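Shared between the two complexes below is subunit A, which pairs with subunit B and subunit C, respectively.
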Partner chain A sequence: MERHHNSVTVQRRSKTKSYRLSYRSGIGAASRLGFTPGLTARRLNTSRKAPKSNNITEKVTKEQLALLVKTEWKLSYVTPLYQFRHTQLKSYSRQLSAFIAAEKQQGLAVDVEGTQNRFRASFSLVQEMTESVDDAVTVLIQIHSKPLIARQDEPRRPVWSGWLTCINGNLEYLRSLPKDFICLPLFCSSEAGGLTSLVKSWFQQSFDCCFGPLEISHTSLQWLMALWTNCQPESSIRQLKMIWTLPVEPQLQVTYTVDAEDAWQLWSSVRKENTAGAGEENSIDIEEVMSFMQGLKGHFFRHFRLDLSAGRLNEVSTALGSAKHSGRIKFSNSKYMITTLMLLTECALLKMPI
Partner chain B sequence: MAAQLNLSGPPDSGLSSLTDQSMSSRTSNRSLRVAEKERRKNEAEDPSVLALQYFYNVEAGTPVNGNDEVERNLVLVEQVAYRNGLSPEAISIMLEFAMSLRMGHSLCPRVLKCLIPVTVVPQEAVVRGVSWLGVGKIPVSTQVLFIKWVLTVFDMIDAKDQLRAIYGFIFSFVSEENLCPFICHLLYLLTSKQIVRVFRVRKLLELQSKLGRQPFLLNLLSLYKVFCPELVTLSIPSRSKSVFKNHNMPWKSALFAVQKRNGSQVASSISLASASKDGTNRRKRKHHHLEIPVLSAVVNKQPQTETSRRLVPLVQIQSVAELLENMDHIELPAQMGSLLGSSLALQYLDCVQDESALLRLNFWIGYALHEELLFCGDGASQNSEESLQFLNKLLSTQHFLQEGFSSSDAFLYKFLNVWDGSLLRPQILGLLSNIPVIPSSQIGRLLFEPLMQLFFTSSVFFKCGLIECLSNMLLKWLIWHSVYALEDDLDISLNSHTSINMTLSGFKDSVMGLVDFVGRLASIGLQLEGCHSLLLSFILDFYTMVCDTFLKYGLPLVVMPPPGVFYPALFATDPVSVDRLAFIMYRYKVNLTSAKSQEKLTEQAFHISRQTFREFNNYTVYMVNCLWNSKMFQPGMGVQLREELLLKSNVPQYWTSFDLVHHPAFMSYAIDFHQKCWPGKKDIDLDSIKHSKPWSWYLEYLFSQGYDGLALFVQSNIRAGQGNGQQGDSLST
Partner chain C sequence: MDESKKRLVQRLIRRIPTKMLKTTLEKWGHLTGEQLRAMDSIQSKWALTESLLAICEENELAVKHLTELEMIYMIDNPDQGMWYAFQLTDPGDDAQSVDLMQFKEQFKSHLREIVRQVSVKIKKHTDEAVWIRIAWGDTYSRPDHLKPTYVVHYLQTPYVFVTRLNSKQKPILFQAMVLSTRYQYFKDANLSGRNLTAIRDLLMRKYQQVFPTKYPSPLTERKQTVTNPHVEREQAKPAANRLQMACEAFGGGTLPQLQSAVYKLETKFRDHTNTLMTEREEPFRCVVKFSSTNLLESLKNCASSGIASTPVTPLLSSIPLKGKNYFVITDNGPGPSSQRRQTQN
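On to the complex of A and B.
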């Protein structure tokens, strides 16, 4: 078109472009984004690598690691951040501090450059906690505060922390995003007062992103059970604990605890011969997870005449960590954190609107 | 500055030229008679010119008390001011007189109060007035009065550049406690991006800590935040009013009266309110995802360069004129979702071709839709009032932009699978009709499968709604095509700029898929609903568009309706449906004939399959036989029944049952006609209409009832001749 009509008026050109956009917005944008939004339905992977002990202790600083492991995190998904720069963390710290101060004292302007704020936010990078080169570096946010009545020299205490991460995000998706978007789809926050929502709204206003709650689905919880059980020989899971709710009146809650060794035996019995072999990358299939679950449910049925298939798995926990359907997770052992985060990143990416 | 202000020539000439000017401006639109009267009146006013001269020349230190001359002259000026307003020069003179305190400060307020401008206020006069503030002899109340006056006439000041140049000087008065509220307002009106600096922010923050939460400080600071969010931040409680108080009461009514008398436009809004908030939308919400973000400026700017200094935040743009003026250096808002709330911003979005911006908007829209309608779990319909408003807003935005958003399309593809067909039906169908062309390989899975299920399990009203929605969808596709085809020389695919490889034939496949799909829905829908006439009407709407795809939209494609649509329409009991079918068949004929003649002329014209011609001919012949020739059941026709069966039905002369006389849709007309034609006859013999004379009268009578489709069909398909027994005219393949 440029070639043929160089002299077309601006107006006409812009209209044409707008129609072009219409065409593109349907199919073109989709193909450009790699994922065709509705055209190909994204699903959770049906096969994943078995967790291997990952010594992130050597890479991540002790303080950061202690923080990540100690807390139970509330999960959210975040749409890609527009014009987020890992090099601007200092300035973000200042802005977030000022923002919190302004929100806490409605109707009072706050000097962004000032240092007198009661709340001090600090951004830092969790280097090396990545799985692929396309993963954006994890960002840790901590907020320290002084009590309202405090001595001059009293140090600020940490009151809130949260982090944005992307571990082994889907390459096709990450690469389809334009350069000025940074994808850190998983947001973990410690619950403390209204600070979570303040941090979220600051991110929304600064990087034009959206936060939504991320639940851990039934399937993901089963995945976690299998992945954790698989670690038993290297690092004891002590016990495998599940909490189920059954749809009866009144609602019945079942806590089902399996001894670590028993769980491991059941797990090894359902592992397929060919995949369990050495040499190739050790991978786990969804069928194996399902048979594992089937075995556990069957066992329960034999004893209590209750079929757990009718119920909903609400919570699983082992010595390596715990996860709740409502979207709460705790990592108790840093060694296997990466595997769990890979699964959660996948869940978060599944929630992306485009 | 003083030199500039001094009138160049002798004062008299300057003043008289001025009165002329003001006079001419006042009389421009009036009749000559009135103008003449005005002029005479102006001559009578002459003393006021002398009065101005007096104030221009009066020596400093002239006493006021007992000075009758001042009193007389001032009364004269006041009379002019309150009646007609003061000319720009008069304002300069009087303002200078008052602010210079040449005769002390007692007259000051009185003079200021009568400064009612007739046209504009010279900027120089205001600047000079401000400069007198610095001298420091003027009482505070008079200073306040002066600033209030500036605020009142702000929109009438002829230029603002010099005022902006002395921003720093004006700023220095914020420390004066009494002046501060008014100075803040004035600064608010003058602030531009370049002016916002750290030291000013600090000064205001310092004042804030001294004075507390003052709305005027807050307003100015919030404007600073718009320009430089990296320096200052604040959040304004939703309940507080963020508008400057109306300071202009002393002048407002006088100004209004003068302007009204002069027939000029009343200054629209004298005080500039900062973003007014929508009261209804502010109520407390459980979920925030549907809340449209507030239009605000970006915080994390690129390192400040010359170009970024010039960028104007979209939130600052108030009118289309300003938008056009700043078109090439507008800064997009921090949250693209905020565009949805402002038509001005949408106007800009329509022009800007920023891919990231569009993607940001799509992320937000998609997020809101997903959270509200897909991820919501149990509480789906709990806040349906908000969903309704949101979807309506989205729809009106799409309507405004004349295109959909890819995120809402992606959402719909998922949502259709879980939709019950009743939740927010008009809105969902509205969004659905905006879906752009889908490749024919995907269209079945994405659209047809879920829609088919919904269609067959829902009420007749849903069926009508869906057919209408699909009609609108097709219409949009066809319009896109016609625009595209025209601009890209009949080929959509050849263009190197499009990232989509949709060829003309691909597009045709999609359209064909959609038309076929609607045909299937329509056939079965009519059966299920017993040929519901409302449903039939929507279906005929659809085919009224389909029959014209070639001539009206330039798409080389002709698709005939399926028998399941054709026959129910032909045998419908209401004449309107039959008439519309006749019109549709007529348009098919025109389209096919035109396509055929083009095929002969140019080689590149498209080829219509024999099958299409055959279908068309069959329909036409059947229609003519049925309506005109009273031969309903001919061998080889679409509707065939065994002879014995027909005899068994005991219908006399069954072959005439659907001719134009006996057709249930037209029978009442036939009877009416019969009565009019043979008023004496007691028993009605409809067959008598079929004789050649009454037949042509009957046709004329029918056509005069508004059945234009029928008329066109008959004209184009029945060869000129007379009476009964004509043959259908068929197109050769």
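On to the complex of A and C.
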């Protein structure tokens, strides 16, 4: 596996690249105030592997996969969990159920065994959804609930789900963590009632961690456009759709939808010769992503004489998934999920106020 | 009681906001003063429905009376759902002489010739517009009054506006329309929006297109934190120039409220830095949709603020100029050297 710009020295050499500033703005100020030297000067990778079809369907159970791909997830980052044990999930399930019951019932006595509990939380592992050996196993949390007035035998329905993951986390950083910390920096939650905040506070209390919102930056959205478009020959993206907003009164929204095949042709025209070739070294460079974007913007400008750079890219979507600047993501095709998660893990690590 | 009547009453009460119910019922004129007062004192929608149903029984009001009530409400509140504009072309010699009575009679009979089960109601509105309500049925079912199509036609003009028409009903309506107005063809005007008045004004060129040549210093409105007379003087001229061009393209004053415009682009990709794509024969296919609460206002603002370069491209100024908001853009001519574009329908 190839790594890029992981150490400070390597990065200084490539500092001349003009993209640095825009990355910085995407990272946010917090990450620059941290203590871990490996990460403080880091920015988003300028090169990443081309997505390859990853048949996780064979490894992950059907039910888990169906849940992961059908929901639109709200993203947060989480700092490393102190003394989290992948072997204690049963106990965590009980504790979280009791915690939710206690919070919901505000001070009433709670049955810790959870037999009478309206909410039942269950922790499970999503085995094998990893990219490197250092990644901690993904943890899935589901909460089932009974309606307030229900018959004894009525089954509980799923009301909330969320998961913590780390796909191809920065090795240097993962290895620099003290022994008792588990790093699962990306937290995806379905939005339902106040359960998200309850789960977050339980994690905060139990593992001394903290959560924060994770937006998908302009650069990350462009990366996703390129990574998804790159899949077109293997798996049709159907269309490449971008939604921009322009700061005029009243606000103008521009939805720019490009035919899948034409988007791919433009993409392959901006690929550099040495990288576009097949084989192990098939990597994508940020400059290619930028040229792709420039091509799309240029074509638009030629017709409307309107500069999209003045606006903000809010949303991108293809048949493989959709991503919003506000930090919402939907994976529509499990095959290319890993690539997207690698990018998001990287974003979460960068956003963390370590 | 007739089930369809009951459902129609439920639908009407649900749709008409309580505060507008009184005036609408007054206009309808089928209720006695006492019944009106009684209706006015009721608060809940459920009770209103029950009360109106009782009144319908008492006054022997049928479905046709209820559809009239719906039309009254619709004419006063037309901005519900999408309106699509159509245009009649190639008028016959007698097209200008078609009057309301003639049109009414002919439209109904032509439509009934094609579909047996259809219920048509035609009402002339004060502003010369003829409102047509069509409830469609088919061989096996009676007209469905819950999903009526509304058509607004301005007599002696080629303009027709339609809402809630499905593709099966489209050719039927077109034929009846063409025959009863004495035109030859009926075509899509490629204009749609939620605001009927706005698309009517755009298509019929009714809105004020003022193109003043001089503007009283446009910069006075702007609040600038730092005022530097040199900078201001430097910027004033291009700013005034941009505003001038923006107004020339979209008009001054209040602009008709349009929600969106769609461009289907099938033009060649041209970029001097990208020879691979520029040499490609096939067009680059994409669709661009602009949307806003007031599209023309937003576009004008883009031009005056400099986000859009001035002069405004004909592609955007075509919206008010041609009264269209759906365009298909192709390259005019096969050669890569041709710079002109044309719009097609």
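Note that the second predicted complex is superposed on the first by the 311 of 354 C-alpha atoms of A that agree within 3 Å, B and C clash if a C-alpha of one lies under 4 Å from a C-alpha of the other, contacts with A are read in each partner's own complex, and residues count from 1 in each chain.
Definition applied: contacts are C-beta pairs under 8 Å (C-beta built on N, C-alpha and C of every residue); 3 or more make two chains touch, one makes a residue touch a chain.
Note that the structure is predicted; figures quoted are calculated from it, not measured.
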**OP:** Please work out whether A:Leu171 is in contact with subunit B alone, subunit C alone, both, or neither, and reply first, second, both or neither.
**Re:** neither
- request: May I ask you to decide whether A:Lys351 touches subunit B, subunit C, both, or neither, giving the answer as first, second, both or neither?
  value: first
_After the superposition on A, what does A:Leu306 contact: first (subunit B), second (subunit C), both or neither?_
second
Query raised in the report: In the superposed arrangement, which partner chain does A:Ala98 touch: subunit B (first), subunit C (second), both, or neither?
Result: first
**Prompt:** Which partner does A:Pro250 reach: the first (subunit B), the second (subunit C), both, or neither?
**Reply:** second
Have a look at where A:Cys209 lands relative to subunit B and subunit C in the superposition and call it first, second, both or neither.
first
Of the two partners subunit B and subunit C, more of subunit A gets touched by chain B
The subunit A residues in contact with subunit B across the complex are 1-2, 4, 12, 14-32, 37-39, 41, 79-80, 82-83, 85, 88, 91-92, 95, 98-99, 102-103, 106-114, 178, 180-181, 204-210, 212-213, 351, 353-354
Within their complex, subunit C touches subunit A through residues 263, 265, 267, 269-271, 274, 276-277, 280, 282, 284-295, 297-299, 301-302, 305, 307-309, 312-313, 315-316, 329
Per the touch rule, the subunit A residues reaching subunit C in their complex are 246-259, 262, 265-266, 269-270, 295, 298-300, 302-307, 310-311
In their shared complex, subunit A is touched by residues of subunit B numbered 198, 201-202, 204-205, 208, 213, 217-218, 221-222, 225, 229-237, 240, 289, 293, 296, 299-300, 334-337, 350-351, 353, 355-356, 358-360, 362-371, 375, 401-407, 409-414, 435-439, 442, 446, 480, 483-484, 487-489, 492, 495, 497-500, 502
